[in-house]
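Heads up, the next two complexes both have chain A, just with different partners, chain B and then chain C.
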Partner chain A sequence: MPFTAKPRKFSAGIIEIPLGVGQNAVTIGGGNVLPLYYFDNPAKNPPAVGVEITDTGVEAAGLPELAAYYEGANTPAERAKKAAAMEGADFVCLRFEGADPGGLNRSVADCVAIAKEVVEAINKPLVIAGSKNLEKDVELFSACAEVCSDKNVLFLSAREENYKTIGASCALAYGQKVGAESSVDINLAKQLNVLMTQLGVQPQSIVMNLGSAAAGYGFEYVASTMERVKLAALEQNDTMLQMPVITPVASETWSVKESIMPESDMPEWGSLEERGIEMETVTASACLASGCDAVILRHPTSVKAIAALIAALL
Partner chain B sequence: MARFTIIGERIHCISPSIREAMDTKNPEPILKRAKEQIDAGAAYLDVNIGPAESNGEELMKWVVQLIQENFDNHPLCLDTANRKAIEAGISVYNRSKGKPIINSADAGDRIVNIDLAAANDAICLALCSKSGISKDNDERMMYCQEMLERGMSLGMDPADLWFDPLFLVIKGMQDKLMEVLEFIRMCTDMGLNTTGGLSNISNGMPKHIRPIMDSAMLAMAMMSGLTSAIVNPCDQRLMETIKSCDIIRGDTLYADSYLEV
Partner chain C sequence: MRLFDRVFTGSDEMLARAETAVSKTYEKLGDAAPVAFGSTAYYLPCIYAYLGLKVTNMGELKAAMEPIKALMTRNYRLHDVFTSGIATVLAAEVIEACKYAENPTPYEDRYHGRMTDAEVRELGVPLVTRDIPGFVVIIDEAPTDEQALALIKGYQSRGIFVFLLKGAIDQAERCGIKMGFPVRIVPVGPGIESVAHIISLVVRAAFIFGAVQPGDYDGFNKYSFERIFAFVNAFGPLEHITVGCGAGAIAMGFPVITNDTYDVDVVPKSLIIQENVDDLIDTSLEARDIKIKVSNIDIPIACSSAFEGEIIRKADMYIEADGSRMDCFELVRTKELHEIEDHKIEVIGPELDSFEAGSKINLAILVDVAGKNMQSDFEPVFERKIHNYVNCLEGVMHTGQRDLIRIRVSKTAFEAGFRVKHFGELLYAKMKNDFSQVVDKCQVTLVTDPALLPDLRKEANVAYDKRDDRLRSLTDESVDCFYTCTLCQSFSPSHVCIVTPERLGLCGAVSWLDAKATNELQPNGPCQVVTKTRVIDEHKGAYEDVNEAVRQYSQGALEQVTLYSIMEDPMTSCGCFECICGIEPFSNGVIIVNREYTGTTPVGMTFAELASMTGGGVQTPGFMGHGRHFIASKKFMKAEGGIARIVWMPKALKDMVSERLNATAKELYGIDNFCDMIADETITEDPESLVAFLSEKGHPALEMDPMM
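Up next is the complex of A and B:
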């Protein structure tokens, strides 16, 4: 019997959210088919790939290829320029690793100066990720949102504990986009979106960060959460789950043992950098297959591979 | 898979204020009730203009346009015994937010309303009775089949016929309620959509009892697979029951604020 394809397009769709401004803007979301099912309906906006740099730049330590890519770039703004120029990069993510009070504890004023330099140095949209310290991020995001007020920046992320202040300052006061972060908990993901919209933040200003894990570290929960969110958004027309999903992959995958154990300790595992690239690439492709609309990666080899994967599937 | 469809029943010419608004073409009372019901979560609004023998066509057009223009083309359920009025309503109906519903056909004289639905790509409520109340589920199922065959022979999608078992009043026909629920289950097992005027079951009961009884019946009917009902969406207890049952049936994803969305 001949095979007859039955396209499965949904009448509901994922909200389109532009990041950045003018010619440099990138739009994420907007699909109305299951993840990567472009044979059912061509992608409105292909999944976006972001390149992560940190304010400290320490992530390149011990990784010769990555260090070589950023060679000569001594400031976050210089690194951001190189990140934006990376093959396959759609946007840049500046992560304020150094703002963590448990670490370098860089002051908010210093971080703001960095954010300003970075946003002005690049011709791609900017995503600002915090230190993961709940109180510090509130202050940091609010101050950065002000200096980047006309740049349409996405802030990662507001959580259940601090969504009110982050939602009010970033989205309501300065018109930026806000990430709503939950930790692989589908009910909380929806609840946070409800709370943010009740606060007055438009769904068109919210990007979900459903949480992630490196492949092999409980990723099946991540995959199932992402899939169920997409199904609720498309099949059940759940307007509280139709925001696009962004996943910071790099910060998960570059901290697991496969990506940090030196080759000298584990010679049979081979090159450390290759292992890290593989963890990052495998996790990112799994995220895309599960319904993610944007991934954030670190290594040029991974960025190139994932961008090529997306292009090949379009 | 789909969320329970709530058809708001409060724009009904039996209500004195709506009757008067329809007689004098006064938009305010109708818009007020439309807004209350939409805000409360009604996916469809029933518009009952009564038999409207003299001015039905013009009246239905006026109400349909009035509500759709003011509420972003909210979907409507056109409810009258006057067929020409339904046709007139459909002629001005904007279907960008959903097909019109025709309320209603039965297996007797009103079976021609299925033809009307088929000709206009509308949904049709199909009351499983002919003349008077069906005596048992065999009779209901016979009428159900008749209407299903008629719709399908005219090219209708079976999903566009919403079968109404007729919710019988407890005070007087208490022994029939389980049968009604069983009929809903039979339709569900056939993959058919079901609906009905739920609050009929509590007719004649004290006012404070009715929401309790309606909610209990609705939960049992949803357990039997009921996909829609014509209800008062401003009845908070009933709406909380529907939203909770939607969660339990897996038709909506749970969040702590589920009652508020």
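Up next is the complex of A and C:
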């Protein structure tokens, strides 16, 4: 008996959200099929791949291939340019690692200057990620939203504790996009979206960051949450879960022991950099299979591999 | 003169002044002269907002007078008062625009005048997020300078942004108050017409943060009513022109509170008289529904969950308040708003200094709360939190509840300056912050006077008894809704609890009252209302509404739940259940096992083994997780015949529930001492000897219809 495909298209869909402006804009979301089920309906916008750089640039230490890629780039703006030119890159993510009050504690004014240089330097959309310090990020994002006005930047992320100020100062006052970050729980994700929209932020300005984990570090919770969010959005037409999902993969995977244990301490594990790339690639592909609309990666090899994977499945 | 006429007269006055100003400036500068406030992208913001007109030069300003006049209708309906009020503000903006057309800095340094878009954003963000709880516009002079100083400082200390107009500015200057945008006290202008700059800020906030479109008259009023928490304090004698502007403020949702009584018609929630200037702040905040968050708790010791489990030994304790030896209790009471003075902390009787180290003292903690959304059903929920709050204090221990509390304060805490009054400060702050949706006002009274306590304790017991009666009278039939609880979905994604009065959450921690309070406090949180109007079978507890709810909140994983059955679509479990009941085929009954019991049961499985097939949101007919309290409920597996099916329980569990279970059995079946018929591990763990025991006792389960 011949095989007859029964395409499963949903009448509900994921919201389309453009990042960046003009010719360089990239749109994420917009699908109406299960993750990667492009045989059911062609992808409206393929999942996007972002390249993460930090303001400090220390992430390349001990990783010869990564360091070689950014060789000669001494400022965040120069690194951002190289990141934007990476094969497979759709957007650039600038992470303010150095803004953390527990670390370098770079001042908001200095960060704003960096953000301005970076956004001017690149021809791809920009995502700005914070220091993960709730209070500092509020100040940082508000100030960056102002200097990046008209650039349609995405800020990662607003959380339950600080969504009001970030939502008001980034999305409402300057029309930027805001990431709504929750910790791997569909109800908390939905609640934050509801609260953000009650504040006045349009669903078209919200991208969800459902939280993540490196593969092998409780990723099954992540996969299950992402899957259920997608099903609620498509099958049940839950409008408060139809925002696209972005996952900052790199910051999760490059901090687990597989990606930081030097080869000298663990010779049987092989090359440190290769291990890190594998963790990043495996986690990113699992995120895509679970329903992510955009992933943020660090290593050129991972970016290339994930971009190739997406292209092959289209 | 009636209020309508005062508004209309004031409105006409402002219009006349605007017409004079326009013709004067027009003559002087000509048709093409530019008109702008500068540093704003919204033209003349009020006119742009309410009329949709982009005024950029004198010609256009002159032309704008006609549509402004058209708003000043005179049909003696409320609508005319509102449109005339808005038009008064627009006319005021015309006057201000003329000033700026003639001179870009008409106010020099003394007055702030127009606000820039940057200032709107700077103030707008905290206004939208409520970090600034609201703003007040003070017009004219308070009766005395002292009152003016107390008023402005009072607002400042509560984080309220202050705008001053006219005489209020002169008075503030006399009082030596530092003014300016950074200190959140802004002297706007010497004339009433500069009120336009404040309204300009409001409409630009609506443009920027609310995406309201130019010309959307109702849209701006709706936005300001819903999102901008502003109000006006206007001191008498009120001029007509001020009343005209006040009508505009009221149209935007900003109440006007005045101390003037002459010729003022009170309009509830909108135009309010408060003759006592000292109470102006409270009246104003209440009128605009502004709640102030308490940011610093004024206590000399740390308060954090890190100290929650701290134990104070006898040798280390300074005082002890022990309800089993002395008269001690804690009680939350609902009061009317006017009965409570917010943040009043009163200690009746001696303070800790009067006691010697190691003393046992009497202590009553009375927390009075009031609020528009407060319900007496929330009292026990809030009261139970006192335990957590007090326990978080460093060097203070709290156990028990009601009049069986035991509180110890350590010597270290006493030496650090901790006194009885600090319980008041702590509880005040926590109640106001954690329950801000329902608690508008809170006061705490602490009584240590031994002479007063016996009577107070009796009164408290009356209140506790009343609550218990209410709890007993709460049945699934007597309420009109149930609640969901999805708190555990983070680890048990497809499970939904349906919490009813007679069936609390299976974890034992969420009662129907808890769920009700959670719903009120977190409207988008885990507890959502489930109606019960579409009955399928009331006896089994089957409702179309319940099925819809479990379908929706389990994201389709679960189709239907029968509330009172363990055989037919039993309620699922997350994994936090206190107990599991499971079918025992030999005896035609069920066994119940609690989490603490580690041995085996007559069904041949331990709690852990049973848990593996009951948790995780799956329906396993014949097995169900539940809370301990549910065992004595009349709804416990009612569909299968109720508690008469219970044949075995671990002894500890049986002892815990026996009193209530016996009472229920007596009521339902007329059986005395039903628990004596129920076997436990000291009698048998084996199904055959279980049946023998049951036959000997004449257990009713043996006679009932087969469960399968």
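The rule we apply is simple: the second predicted complex is superposed on the first by the 314 of 314 C-alpha atoms of A that agree within 3 Å, B and C clash if a C-alpha of one lies under 4 Å from a C-alpha of the other, contacts with A are read in each partner's own complex, and residues count from 1 in each chain.
Assume a residue touches a chain if its C-beta (ideal position, glycine included) is under 8 Å from a C-beta of that chain, and two chains touch if they have at least 3 such contacts.
Please read all numbers here as calculations on a predicted model, not as lab measurements.
A.B. asks: Please determine, from the superposition on chain A, whether chain B and chain C clash or fit.
C.D. replies: On the shared chain A, the partners clash.
A.B. asks: Let me test your reading of the model: by the given contact rule, A:224 touches which partner, first (chain B), second (chain C), both or neither?
C.D. replies: In the superposition, A:224 touches chain C alone.
A.B. asks: Now for A:191: first (chain B), second (chain C), both, or neither, which partner does it touch?
C.D. replies: After superposing on A, A:191 lies in contact with both chain B and chain C.
A.B. asks: Quick check on the superposed pair: does A:79 touch chain B, chain C, both, or neither? Answer first, second, both or neither.
C.D. replies: neither
A.B. asks: Touch test for A:173: chain B only (first), chain C only (second), both, or neither?
C.D. replies: Second partner only, chain C.
A.B. asks: Examine A:200 and indicate which partner it touches, taking first as chain B and second as chain C; both and neither are also allowed.
C.D. replies: second
A.B. asks: Considering only the touch criterion stated at the top, classify A:164 as touching first (chain B), second (chain C), both, or neither.
C.D. replies: In the superposition, A:164 touches chain C alone.
A.B. asks: Look at A:299 in the shared chain and tell me whether it touches chain B only, chain C only, both, or neither; answer first, second, both or neither.
C.D. replies: Neither partner.
A.B. asks: Which chain, chain B or chain C, is in touch with more residues of chain A?
C.D. replies: C
A.B. asks: A:136 in the overlay: touching chain B, chain C, both, or neither? Say first, second, both or neither.
C.D. replies: It touches nothing on chain B or chain C.
A.B. asks: Superposing the two structures on chain A, identify the stretch of chain C from 530-538, 602-610 or 692-700 that clashes with chain B.
C.D. replies: Between chain C and chain B, the clashing stretch is 530-538.
A.B. asks: Which residues of chain A are in contact with chain B in one complex and with chain C in the other?
C.D. replies: 186-188, 190-191, 194-195, 228, 232, 235-236
A.B. asks: Going by the contact rule at the top, pick out the chain A residues touching chain C in the complex.
C.D. replies: 142, 164-165, 167-169, 172-173, 184-188, 190-191, 194-195, 199-200, 202, 221, 224-225, 228, 231-232, 235-236
A.B. asks: Hey, which residues of chain A end up touching chain B in the complex?
C.D. replies: 186-188, 190-191, 193-195, 198, 228, 232, 235-241
A.B. asks: Please output the residues of chain B touching chain A within their complex, sorted ascending.
C.D. replies: Against chain A, the touching part of chain B is residues 1-3, 251-257, 260-261.
A.B. asks: Mind pulling up the chain C residues that touch chain A in the complex?
C.D. replies: So the residues of chain C touching chain A come out as 121, 124-126, 128-131, 208-211, 227, 486, 489-491, 493, 524-526, 552, 555-556.
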